């Protein structure tokens, strides 16, 4: 039987770690095949530490960032990580890239999709990525696009926690208990040598969401990852 | 082993039928014990047809409304229906009533709570009921209130669909598939002889939410009931 | 044939002048009977200039404010002005007052209702008045309240422009052309001797809304009064 | 004397039927000349049933969709229907198309404009169409664009009801009574052979908006069509 | 010369520590006189640990909580701490209490006011406190209230960070650098023996707001405290 | 020592006068060097009066508009005004222009940035300008963009008051006292011969914001300019 699949669309090559590492590791640990698309390396805008090294070049930054991301993906149990190298700050998103993402949706038929918040005044690439990921999802549902293929269903989309949630009009309505896989997420975080200042920041985020998860349920949990679901949750029980 | 329990707090004695009949019947059919509190009979503000009968009195309206609600509750499989007779248009909510509802929370420890939307420009009693139900839930969590009792946990609260959703700033984020129990909900609806003009209206609501439920998932379903969850959903998987 | 009627519910005895004087004069000039209810005189919180007079007393403030309001009402062509003297800062609103306002709705069956914005961080009485006026409107629609009377229909409610609109989450969706009656509104404004600092302020408001009215239509107009309609506008043409 | 005119900008060739058929038929029945622009046929994304036929091609889908739309337009009394064939899923909107729409605004000087909601997480083409239609309206107001032509005034813009209103942050503030022309709208709906599953859905939408229209007024009406007005309504009376 | 003054209105006797301890210590360290009003002890709803002790009584809880709060206040350099003992879960707010708070505003003429967020689905007392504190501020501005006293000016109001910010529709627009007084805030936090589980939580809050403060400026800072300003900031420079 | 600098990004060549003239003159009067970028002349969409002159051409409009803007800039004490001539209605914004603005950010390192509101249903160029100005600010913060240059810090961004604030979802949270430089702003306004109908409009805006500034503080002031700050204000005191 085919494995369950999920798709993560990440603007830069580290976003999936900070923002969705728990969800990835958790589902991977249950046998899911999680595909991560990194639209860019964050080579210009999210690699400050590397650029402080003398003689640094764009290619070396990309190579280093790819290595970090691959090691993190491995720590999380990612099934497939793809680097599309579309440039960052700004990210350049063409119709060809859109159809490439549509092809990927059609190839893996993800059961859910993870991507960025729809607004972010601190980052122009993140909302652009979300719009792109949602647009591709809709095209993948179109019967007239490559009509010989099976169309995509309606996988739910969950939006990552942005760096400063309240400024991004992002409101979490799902908290995932990632306590069982925190060690894996933290191992992946530690692969991000270029952004060491964020390690503690996102550890604290995990702990705060853990406390809040416990507060919103009767579950014992220590680490959480929060998401905003875009679509209504269709259920067969309210429990 | 004790049955699972749920609590429905309804401003008037028919609200639980139109707005939550599917959820009640569905959980009852799985062995849940659902308690319904009707804070009033809707005797002044939601009984127009009865008042058109000559010689009608407030007491007769209440008696008729109670009968209708009891028959509907029976059709849905309600475990316990309580009529608090607090008056309607306006509903009068005292601290005594608040503590009475706290006692009920503590007595049944519901796994979830259903009540009205937080705003409604067409109805003053509905938002008042929600504020009251949420306030009681919070007091029931307080260790210093009747400290010898077990405090309430953190049951999720789901808000009913109001009559004109967009005017009430109510956004559904949960759609419950009530197809398996639609016959029971419709039987309960037909007990509401005094509001026959609403039978078709809420049948259409059920069908529209059914289409939308199917559209937001890959589930085949015909009838839906939509809710707005107040609190984040704490989960162990995103699937 | 009975005249058309309208109802204005004003927290303090000057609010109806600044905020709705144009609408009142305009409809009065067309033969409408406009009733104004002043829940208080604004005697404590909106009479700074009077209180600066030596030896001023609460009763003298009320008397002066009533005189001003009566003269303004006369300038506008108000049919009936009522002073309920419920106190201000804070306004005290009992169930008796609620039923008194219900009686008034039932007595005049207004074709539309004007009252304050639903939020105002600068004024506690204004939102309280709106909640009260809307609540009474709903009770007046209840068939079981004084069932021998004719119930109220569904008159639209328009919310006045508050002093600092953007801080009150008030968004105008109706702009009334009050150019033909500006002279009457300004005459009424000049009756408010105790708040002379506001004369120019509200003249400028009228001019700005006039420019905006012209900008949103092809109408030539100089003075406008803006409102937020609470309910959808039911129409037989979009022109 | 020149007839009154209106403009409908529809992303796909069926949208104007479901969403604005009543408004079109109603104004046409009063002698208005209504122009409908279909930016695409919805040939890829909204023609599932056609694509299930063996050997279907893009051209055949377009031809079928155009036929359906023309028959529907005829049933509604549309004055002019234009098919711009700009592609769908995604819709491709160039500056040339923008200026073409500006020309159309300048040619017909519509008294009002109908188009899609500004947000829709289920459809990428709908919000793009609205942005495009509003942008063209603004350019048509610019005195320096083809300065020899008469500039456009300020026709109001009304946004169609989207498929899942609450998810689109769309709030109706206008309900049009379409009872007198429902038979025409339903005849037009029945021309949409490719989307038969939506016939009942949009019939129920018409009935629900009809009930709500009656609830928000004292008008007897059975079928309604709801819109969100973008701009304030400039009026000479509040009645 | 009179010292500068500030007023903190806290629903329960620990809130001022977690939520405003930094602001209090910072201003106290500059010679400000900060007055803290604790409307209740949080004796019923926020003293779980104390209630787990055998034989605990309401009076003992209050005594313990008062002691903790006094020690914390001392650590922060609070000028005056008042315990109004109005009960919690629910908080009971009468007109007498309102006028008592008005008297306090008039007595100290605070330069700014700190209180809770305006919404909180987890806590009923917090929004009630804010409404009360803002209402009293407005009454204190009324010339007719105790006309022999000097009226209050327009001190800005800043809303504390609630426990789960995004669920409370609270958006920080001010971040205060509390790095210089963090040791005092942490000392005060440690006085709250009854809520030890929150020590680390609010330390992490301080660190996250510190990172965000640095991110939104070019200031080096480690600990921050975030607030939502209710009113526009009136300034003489944008720098 | 280098002067303080500020950057104003204006869609059309008059916007900086109406919307930010006070801020510019105020800071210039204190020795700041303010740079103004006019992305277009507003030659097509905001020059109605010029286009009414017989024989007018696009080039003459641009020349006239540049002259007006230069005289206004001079009256305000602008340090550097740049005309990028990118076209208006629609404004055309390429990646080259984006990098040009990034270069400017890097060249002057502004202490704050002024630009348009993020939404405006009356104007398509204004929100496009804001998105562009904010995007360039973010790219200017990227270490990998021209890595030999010093990266931009985090200058606050303040959004101008749009023509119809409430329709643009713009909420002022900063009011600048421009009383000391009103004469300069009014002199600059009078340079805008082509838009004389706006002189009084924006004078009244200045007076209304002046009254509101006084109302929100204890400052005596006559003229104000209101802004919406995009980012939280990082402070070392709340006074």
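Which chain is which? They are A, B, C, D, E and F, in the order written, and residues in each are numbered from 1.
Basically, a residue touches a chain if its C-beta (ideal position, glycine included) is under 8 Å from a C-beta of that chain, and two chains touch if they have at least 3 such contacts.
Here the structure is a predicted model, which means the values were calculated and not measured.
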Steps needed, at minimum, to go from chain A to chain E via contacts: 1
Under the document's definition of touching, what chains do chain A and chain F have as common neighbours? D, E
Would you kindly state whether over half or under half of the residue numbers at the chain C/chain E interface are used by both copies, giving same or different? different
Which one, B-C, B-D or A-F, has the same contacts as A-E for more than half of its contact pairs? B-D
Taking each chain's centre as the mean of its CA atoms, which one is farthest from the centre of chain B? F
Compared with chain A, which chain's mean CA position is the farthest off? C
Can you check which chain pair, B-D or D-F, has more C-beta pairs in contact? D-F
Rounded to the nearest Å, the gap separating the Cα centres of chain B and chain E is 37
As a quick test, compute the distance in whole Å between the mean CA positions of chain B and chain F. 53
What are the residues of chain F that contact at least two other chains? 122, 167, 172, 212, 215, 231-232
Think of each chain as a node with edges to the chains it touches; is that a line, ring, star, complete or other? other
Touch relationships between chains, expressed as pairs: A-B, A-D, A-E, A-F, B-C, B-D, B-E, C-D, C-E, C-F, D-F, E-F
Chain E-facing residues of chain C, complex: 43-45, 47-48, 51-52, 56, 58, 61, 88-90, 121-124, 167
In the complex, the residues of chain B that touch chain D are 122, 163-167, 170-172, 200-201, 204-205, 207-208, 211-212, 215
Mind pulling up the chain B residues that touch chain E in the complex? 95, 98, 134-135, 138-139, 141-145, 147, 151, 230-232
Can you check the complex and tell me which residues of chain C touch chain D? 4, 6, 23, 26-27, 30, 111-112, 114, 153-154, 156, 158, 172-177, 212-213, 215-219, 221, 224, 226-227, 229, 231-239
